[in-house]
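Two complexes are shown next, each including chain A; its partner changes from chain B in the first to chain C in the second.
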Partner chain A sequence: MDWIDVGLVALRVVVIFGLLQVVTILLIWFERKVVADMQNRIGPDRAGPWGILQTVADGLKLFFKEQVTPRKVEFGLYLAAPMLAAVPAFLMFMVVPFGRPVRINLGGEDRLIPIQGADLNVGLLYVLAMSSVAVYAVVLAGWSSGSKYPLLGGVRATAQAISYEAAMGLSLVPVVLFTGSLRLSEIVASQSGSLTFFGQVLSLPAWNVFVLAPSFLIFFIAAVAETNRAPFDLVEAEQEIVGGFHTEYSGLRFALFFLAEYINIFTMSGLAVTLFLGGWSGPTWDGTLPLVVSAVLPTVWFLLKVTVFLFMYVWLRATLPRLRYDQLMTLGWKRLIPASLVWLFFIGGAMAVRQFGLPWG
Partner chain B sequence: MVELVIFALMGAVALAGAIGVVRARNPVYGAMGLMATLFALAVFYVVHLAHFVAVVQVIVYAGAVITLFLFVIMFVGVDRAEDLTEKLPVQRPVALIVLVGVVVLAGALVVTGRFDWVIASGEPPVVRGTIEEIGENLISVGPPSDRQASRWLLPFEATSLLLIVAAVGAIALAFYRPRRKDESPADPDPGPGS
Partner chain C sequence: MGPVEAFLRGMAVTGRQFIATITGRGLVTTPYPKVMREKPQRFHGRHVLNRYEDGMEKCIGCELCAGACPARCIYVRGADNPADDPVSPGERYGFVYEINMLRCIFCGLCVEACPTEAITHTQLFEMSTTNRADAIFTKDELLVDGDGQPNHMFETDRFADLAELAKADGWMRATAPQGRASYEGLVAWSGSAGVGVRPPERGQSGLPDEDEEASEGADG
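Let's turn to the complex of A and B:
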């Protein structure tokens, strides 16, 4: 661990920090454009080519707006809540590998640089921890605003987060069982090559989604619920509780909530890709292409796969109506959690049979 | 050096959070203080390379327990004035006695330098994070000669006993009603405990 290593870590952190903000700018534009297309409208088209700078304009506007503070707020927590939303959102993406590790000679030493913030040995649990910390922002914002609608939003957020966290955690256990690691880079590495099914090599990539499809479905539903997106956006629900937890926020504080929401969408999509769709793995044609191109290609594959998920998020929002509260709870507790438990039981049995043979054999 | 700086910073955070839990007038701030303390402890675990314990600490305590606290606080409502008369008049003197005992004990430790009482003598245990090792250390029961296998079994069980005692104590405190003089022994409203 010398100064070059420290510098590299700092550089990666700064790069991810910038990347997430650029992604947010593009993602909001992407969502508005796609929803507009689906609703037969034009969408933003004034700022920049195809309106791509619309989010920059909106951000600047929010930056200069007055930050109205209602009289009945608990000021300390009211101020802390948007920060508590943004910080875990940035931290959560730090463990997602979004490119193949690069070997560079720096300071007279060959260094293997992972293209991810930190390669933790408990990466998957870290993600769960950060996503559970992110709930505080909504809860505290709702409570500290000192008004009815935000409080309702906050209470809804707590209940929803606790319910769907369980389903999400259970849906990840088969992945851990299957790959035998909580380290995200190892989970990606275990999905390279071709799929073997009962000794048959199939012409499919060895992605977890082909083996653990039920886990993938449960994870994706829970991820949409965890990010409070439609059709699970009861936390905000404009028609019922006027925006919920962020009703009393304006200006830059509101922008921080918005930023956190879109970063969380990106992170959850990145996680789905990492855990089930092989992460950055894809053809790189090493040797035939210039070095730089085959070093960048994995990141391109990762971003392409993530874009598919982002499109699905937007698609869900444009097509599905919001769930009723009892339907939300029924889906979480009576469908997803039992389904993931049954599937976990099945996978565990299959793994045991593969390792020890049939109990009567 | 780095460890010392982290220890000083996080120790300050942990203490400040703990004081906040006790001193805060508003239970929501109390819960936030508790969260700060738990986070500082998680950082200590990271410094000791026990990543697994650190992350589980954040998931279980910060993620689940304090969220539930906040949920309950929101439902019960924090605006209601709390009844601040003490139900257990002995607890302050007892706390003082325990505090004096702890200070004396800590002072004796520092003066005599017998730190092998608190830190297991010999090789310090290497804390690694794999799930198998943690499970083996905590709950696997080997033969009595195999000291490695069930090394932490007794502390683990003692901790669970402590948790049960705490839960029973909380229930007992919640249902504790001091009997007033003018009430007849046959109370018409036995309260929620019976």
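Let's turn to the complex of A and C:
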């Protein structure tokens, strides 16, 4: 570890920081455009080509808005909550590998630079931890606002996050069992090549989704619930509790919540791709293409796969009505958690059989 | 229908509409104001006060419109026509005529009440103002000029579509004055400055002629 390594880490952090903001800008535009299409509307079309700069305009507007502080707020926490939402959102993406590690000669030394913020050996746990921290932002925002709607939103967030975090955690255990690692880069690496099924090589990529489809389904549902998106947006629920936890926020503080929400969507989609769809893996035609293209292609694959999920998020939002609270709880505790437990049991058994053979054999 | 099937069918609906919109078939909105929709013939938009073909004002200052107005937003003062230079063919003419567009509900009762077809709706609805006083349209703004050209308060405004203001008597032409379908297609209105006697429209019923006669016979 010398100063070049430190510099590289700093560079990656800055790049990801910028990337996530650009992604947010594009994602909000994308969502509005796709929802508009699904409702036979045009959507934003004034700012820039196809209205692509609409979010920039909205962001600038929020910049100049007054940050109204209601009289009854608990000021310290009220101030901390938006940051508590935004910071874990940025941190969470840091462990997601979004490109193939590149090997460059720097400072007289060959260095393998991972295209991700930090290649933690407990990456998956870290992600779960960060997503739990993000819930505090919502709860604290709701509580410190000193008004009833945010409080209701905060209370809902608590229950919802706990229920769905359990399901999400359980849905990830089979992935860990199957790939034998919590390190996201290793999970991606284990999904390269072709799928082998009982010794037969199939013409399918070795993505976890083909083996662990139920986990994938549960993870995706739980991810939608974790990010408080429709149809699980009870925390915000404009029609019932006028925006929930962010009712009393305005200006830049409100923008931070918004930013966090969209980064979380992007991160969750990135995680789904990393864990189940092979991450950045895909054909790169090494040797036949220029070096730079081959180095960038994995990132392109990653972004393409993520876009599929982002589209799903928007599609769900445009289609489904919000769940009732008891339906939310029923789905979480009575469907997803038992299903993931049964599946976990099954996968655990299968893994044991693969490793030790049948107990009677 | 189970929840999963219901879910899939719902997703199919939005998916279908998405495809329809991006292929350009499903779109129902227009990028207003770049593209303005054709409005219905009898659209209740901003009012105008019309003139006869010889340039005389149609309004005779009878205040029937003011009396009919449920929003009480018309203010009319009649005055005797000067004998040497009459403004309207009648005995009196509308000396003061004001409509408060902030109160108007665009019900069209003034148009129906008017005995001389002096006040009519147009198809223009873009008339937002930056202060309340501007929303009170006076006779200067309402009255068309000698060639039947309507006035617009904001001539330079990008929304000032004079062509829409000129479509002034759709209601009149589409319905018979007595409201009976059998009068449809009969010209029962006076000509207006600039456009002359506008032709009748086949209005709401579109009855063939025999039916019209038959229904008249039954009435008689």
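Everything below uses one rule, namely that the second predicted complex is superposed on the first by the 361 of 361 C-alpha atoms of A that agree within 3 Å, B and C clash if a C-alpha of one lies under 4 Å from a C-alpha of the other, contacts with A are read in each partner's own complex, and residues count from 1 in each chain.
The rule is short, and it goes like this: a contact is a pair of C-beta atoms (placed from the backbone, for glycine too) under 8 Å apart; a residue touches a chain by one contact, two chains touch by 3 or more.
These numbers were taken from a predicted model, which means no experiment stands behind them.
K.L.:
Is A:319 contacted by the first partner chain B, the second partner chain C, both or neither?
P.N.:
It touches chain C, and chain B stays clear.
K.L.:
Please determine whether it is chain B or chain C that touches the greater number of chain A residues.
P.N.:
Ranking chain B and chain C by residues of chain A touched puts B first.
K.L.:
Please work out whether A:38 is in contact with chain B alone, chain C alone, both, or neither, and reply first, second, both or neither.
P.N.:
A:38 sits against chain C, while chain B stays out of touch.
K.L.:
Identify the partner contact of A:139: answer first if only chain B is touched, second if only chain C is, both if each is, neither if none is.
P.N.:
Touch partner of A:139: chain B, not chain C.
K.L.:
Have a look at where A:83 lands relative to chain B and chain C in the superposition and call it first, second, both or neither.
P.N.:
neither
K.L.:
If you lay the two complexes on top of each other, which residues of chain A touch chain B in one and chain C in the other?
P.N.:
In the superposed arrangement, which is not itself an observed complex, chain A uses no residue for both chain B and chain C.
K.L.:
Over in the complex, which chain A residues touch chain C? Could you list them?
P.N.:
The touching residues are 34, 36-42, 45, 315-316, 318-320.
K.L.:
Please name which positions on chain B make contact with chain A in the complex.
P.N.:
26, 28-29, 32, 35, 51-52, 55-56, 58-59, 62-64, 67-68, 70-71, 74-75, 129
K.L.:
Quick one: which bits of chain C touch chain A in the complex? Just the residue numbers, please.
P.N.:
Residue positions touching the partner: 7, 10-11, 13-15, 17-18, 20-22, 26-31.
K.L.:
For a test of understanding, state which residues of chain A touch chain B in their complex under the given definition.
P.N.:
Touching chain B from chain A are residues 74, 76-77, 120-122, 125-126, 128-129, 132-133, 135-136, 139-140, 143-144, 151, 154-155, 158-159, 161-162, 165.
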